[in-house]
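Following this line, the structures themselves.
Two complexes come next, and they have one chain in common, subunit A, joined by subunit B in the first and subunit C in the second.
So, the complex of A and B:
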């Protein structure tokens, strides 16, 4: 029982990271109808930027965090201009291929510049954690859960109660109509990419002290996050969050009770099960084309 | 009778480029085989040639799934690995024969390909991309961790080659022969019924379903075929190099395969071979890149983006484009046959019987308990103001939307819950308001897909399919443009091709969704004459249109919808005078006094 509680805590912690990355997926998907396969690399790059500014340059942790996120915002903008925007009138297939190319490019450029050795990033707090009853609460996991909760709340407020948020929503629902109403669609898509890169970056920096900072971390996280979006219901923001948390918990329990080497396989099995039995996910959404 | 002669001529002129192609191809492959046997090679040259040949087989798989069918496969290295490990482990651990192992390997690849495809291909392409990546990762995990079976990270050593091909040169010749044979099959696949179905699915899925193609099965087939080619390539690879290990079949290799097919050109097996050859040779020339880990793949990644942006058809596509500029237009040949329309036989008096049909979108009742009876022969029009539910009705009839309630009987058969392609088999043909042709295919190919729908009168005989398609094109006066790609056609001609496609399938009922929309006045006159000619052949038509002149000229019977409900039904002249109809269109009640 104690072990189960402990695993639940860890699972929710790691699941929050998946949820954040999944959120980035969903936002870009809603704005452009395209899945950004380089979303995981945003997390990886941000973690490396954090290592560079915090460990190598020696900036204070909070300042390195801000600088790294500014770097991510810039990357999101460049990514949009180079990888998505020139292809915006083509079908989804060239765009998917292009984002896959970008993912490989980003991961391997990082590898070429930095080398294959993983880096260690310390956590935000000096205290590693404390015991609450039988459960050991790791401070970094607590931070991850808290930041995810705050970001989700902020995002909800932003989309429902600000003009920019509503313009973004309008763009994602019907680009043609939005543009007829005078909403600058291209700018809205740019904002989406920048925001998604930043949110993916936050996820990467938060999870970095828990994992090693490595070239492969992006692909691993992105795979889980994508599974999370399908489990939750594709294109649904709440679904992405619930799916991410669920996947984190399933994976942690699977690793503890079934098998450690195949830990990364559970996400795939759950994904396949959902595709067969409930392809619309928990918060089901229609997938239909108009005639 | 001259029918066979003319159809044979028609079949030949449909593909004039094959006349020199086949002998040239055979000579080329034979020369490559002889070179492989005769020319003495260093181990280095042998390795490169063998790698290129076996990789090219796997890349051919991508030509099918990505090039022909437009579906992505990011796990080709996994299927390649399945074949390689089957040949490796089967021989060294279980003492099986090489060919048996190769068969098992391709079978495994086919099985996993079909399973992956079957679980994912009903959904959008993004799912397939991510699921194939996941499968790729899982396979790598299994190969590394399931040590008792796969021998783990150490890999499988000392994999033997089959009898008679133990020597390097003859083994390479064998691989080239297999590549040549498979390349030939893939080359000709595009002009088979399955190949046309794949291309139709790639260009416009919705239209493919309505034209009678089982879209889902076509996609799963393409995916499984692609996996099989991956398995065969991998099996030959394992025999050639005698050693396999998990890192040879990682996600990175899947990306390499993808880059190869994109660089060479997805549309043709020649592109696959060019892309593979270049991407195996170039890194060898640029070996220094490999000294920095990552740099080589970073360039691959950038190359993928650049190719997609600037050379979407790949190298071979680019070269072909240059050739085509100088190609003479092929002389059109007359088919001589007139189009036969059976009108769905003589059965009952009623072709279509719709009872209490409803379609609700959430709370919106787009179609609300509509009854519709269409008698055999003649033109029946379904009219109504904008948003009255006409197109929704048509989409429910053709199976694109599921009916909320009600029944649809076609020729006495209940088709209410059948998928679109089965309704087409049952005798339904339709066109779309916003034309849905397969834009990269020729007019003839578009119409051929209609002619070869399941249950079609011409059956599977290619010559009669071509003849019927030509006759259908002649019926709409477009036979002279049969071999042109439809993307370059005017709007009116595209509409005519779409009607020809539906006619070629010899439907019992033809549904036309606003055929007059967007046509100029002379094109409308042609359309009106065409509709009258179709009707004169005894085919029943249900037409939706806003043009009252067109409707009143061609339709004998009119049903009027407003707000999803039927408000009038009867003979054209009576219906058009009906007060509710006038009110619906003009928005006021007629002045009955005075």
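So, the complex of A and C:
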């Protein structure tokens, strides 16, 4: 029982990271109908920005966090203008290829500027964690779970109860109709990219104290987050969260009770099973229909 | 002027071959080239930069001492992207350059296995750092190892943990790649002769984001000592932190990555009081200290085995070519196998018939982040 509780906590913690990155996938997919394969690099870049402002420049942690996220917002805007906007009237394929190219560009630019050395980033709390009965609760994972829950609630409120949120929803559902109703579609897509870059950035900064800051950290997380998005239902926010959490828990329990070396395999087995038996995911519509 | 068919064919062949001939002739006149496959991108890019520094230090020293056969040596680098396909591609690019006379392969056994068939086809000496014992048993006469293989590390870890630390019930955690699997097997095989038993053999896939299931398995195994073979320092860092967080405090003797600069930086206090087998230990010999001094001047950080093996490889290849009086592969190979008592940064080189140059390991201890040399355990090689 103690073992199961410990695994459950860890699974939810790592699953929350997948969920946060998956949220970024979903938001951009809803707005543009394409998958942004550079979403993982947003997380990596934010973590490196945090190292620069917090460790190298010496800003207070909270201020470095805000400055890093402002940097991500700027990056999101530039990304939209450079990677998506010039191809907005093309089919989804050139845009996807463009995001893959941007992903490689961002990783290699970071490598060229910073160098290959992984970095250590301290967490928000001085205490790394504490024991609650037999279960060790990592304070960083607790923070990740809490932030994920808060962001999901905020996102629900934003999309359902604000005018901007409703405009974004309208844009994602039917761009032409939204445009006829006077909604500035290009601006809405810009806002979506900015918001997704910030969300990805938050995920990267939160997970950095656990996984370290390295060039490859984004790609590793994004692959699982992408799987979580498909499992949850592409284009569905709730699905991304459930998919991320489910993936984290499944791979953790699978590793503990079946095989550690095949930990990643469990995640992708579940993904394959969904693609075969329920391609629309838990909540969403069929991937094929979207494509 | 009429041109005969023979004349035309000769002219055509000459036109096609001329650039290569001119390039080869020019290269022969200029430098002696050694190709080096190394990670410049990917998860091991940092260790690749250390390896490059080690090789460059050797290059400067060799060239300062007169070079090879009166010519300076030159290093040609190719990025292996820290992947097996990347390594194969990088080696192919180097092997296609006829003026390269020898190569440096990878410190990662899995990449060496991937490149080995092409290395056999290339038919030129290759120095490498991968420690899977099988690599020098592939009937490939061109492979020369510049680190002690894991049959030695397994024996040293088992002997030190069981005899010196007095612990008999082992948990072994290892990567499932060629290096980790071979290392774990060597350690497992060495336990009975040291009166110890295996409580847990736990593999993991490289670049995992979470080691909680592995740590819990170690905790539940009832082991009183931990032996590890980690390939990537980021994995080691995450594992070390989670091990301490989940309350596992048994003694830990690890393979060389446990004392790598990157691992020490990432894991910090989580690695305090651990032991490691280290092919490079700065205080183990005068040659090691001398290399450490130069390396610190260049990189401003402590050296580790990522750089020491490439330093030794370039030095020994240059030594062999000078002794052979030629860069002809067969003659260089014979000269490499004849190296006896060469004092390198990693230890004393005596190549056996398989191409293994080193036959022992240092034991070091992490004392609050400082790596302290304890002792060196050497085994008598069969130099046949």
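Basically, the second predicted complex is superposed on the first by the 278 of 291 C-alpha atoms of A that agree within 3 Å, B and C clash if a C-alpha of one lies under 4 Å from a C-alpha of the other, contacts with A are read in each partner's own complex, and residues count from 1 in each chain.
Here is the rule we go by: a contact is a pair of C-beta atoms (placed from the backbone, for glycine too) under 8 Å apart; a residue touches a chain by one contact, two chains touch by 3 or more.
Keep in mind that this is a model prediction, so the values were computed, not measured.
> Overlaying on subunit A: subunit B and subunit C, fit or clash?
Overlaying the two complexes on subunit A (C-alpha atoms) leaves subunit C and subunit B clashing.
> Considering only touches as defined above, state whether A:7 meets subunit B (first), subunit C (second), both or neither.
So A:7 only meets subunit C here.
> After superposing on the shared chain, does subunit C or subunit B touch more subunit A residues?
Comparing touch counts on subunit A for subunit B and subunit C gives B.
> First (subunit B), second (subunit C), both or neither: which does A:97 touch?
first
> Looking at the overlay, does A:138 come into contact with subunit B only (first), subunit C only (second), both, or neither?
Only subunit C is touched by A:138; subunit B is not.
> Considering only touches as defined above, state whether A:241 meets subunit B (first), subunit C (second), both or neither.
After superposition on chain A, A:241 lies in contact with neither partner.
> Once chain A of both complexes is superposed, is A:261 in touch with subunit B (first), subunit C (second), both, or neither?
both
> Looking at A:120, would you say it contacts subunit B, subunit C, both, or neither? Reply first, second, both or neither.
Touch partner of A:120: subunit C, not subunit B.
> So, does A:23 touch the first partner subunit B, the second partner subunit C, both, or neither?
neither
> Looking at A:212, would you say it contacts subunit B, subunit C, both, or neither? Reply first, second, both or neither.
The second partner, subunit C, only.
> Considering only touches as defined above, state whether A:108 meets subunit B (first), subunit C (second), both or neither.
It touches subunit B and subunit C both.
> So the two structures are superposed on chain A. Out of 148-156, 202-210 or 508-516, which stretch of subunit B collides with subunit C?
Stretch clashing with the third chain: 148-156.
> Which subunit A residues are contacted by subunit C in one complex and by subunit B in the other?
Touching subunit B in the first complex and subunit C in the second, residues 108, 111, 115-116, 215, 261-262, 264 of subunit A appear in both lists.
> Given the complex with subunit A, which residues does subunit B contribute to the contact?
The touching residues are 70, 72, 74, 119-120, 122-127, 129-131, 133-135, 137-138, 141, 145, 205-206, 251-252, 255, 258, 262, 292-298, 300-305, 308-309, 312, 391, 394-395, 400, 432-433, 513.
> Touching residues of subunit A toward subunit B in the complex: what are they?
Residues in contact with subunit B: 29, 34-35, 37, 82-83, 86-87, 90, 92-94, 96-98, 100-113, 115-116, 215, 219, 223, 226-227, 230, 234, 261-262, 264-265, 267-268, 271-272, 275-276, 279, 287, 289, 291.
> What does subunit A use to touch subunit C in their complex?
My answer: residues 3, 6-7, 10, 14, 108, 111, 115-118, 120, 128-129, 136, 138, 210-212, 214-216, 220-221, 252, 255-256, 260-264.
> Taking the touch rule as given, give the residues of subunit C at its contact with subunit A in the complex, in rising order.
Contacts found on subunit C: 40-43, 45-46, 48-49, 176, 202-205, 207-210, 212-214, 216-217, 220, 233-234, 237-238, 241, 245-247, 262, 265-266, 268.
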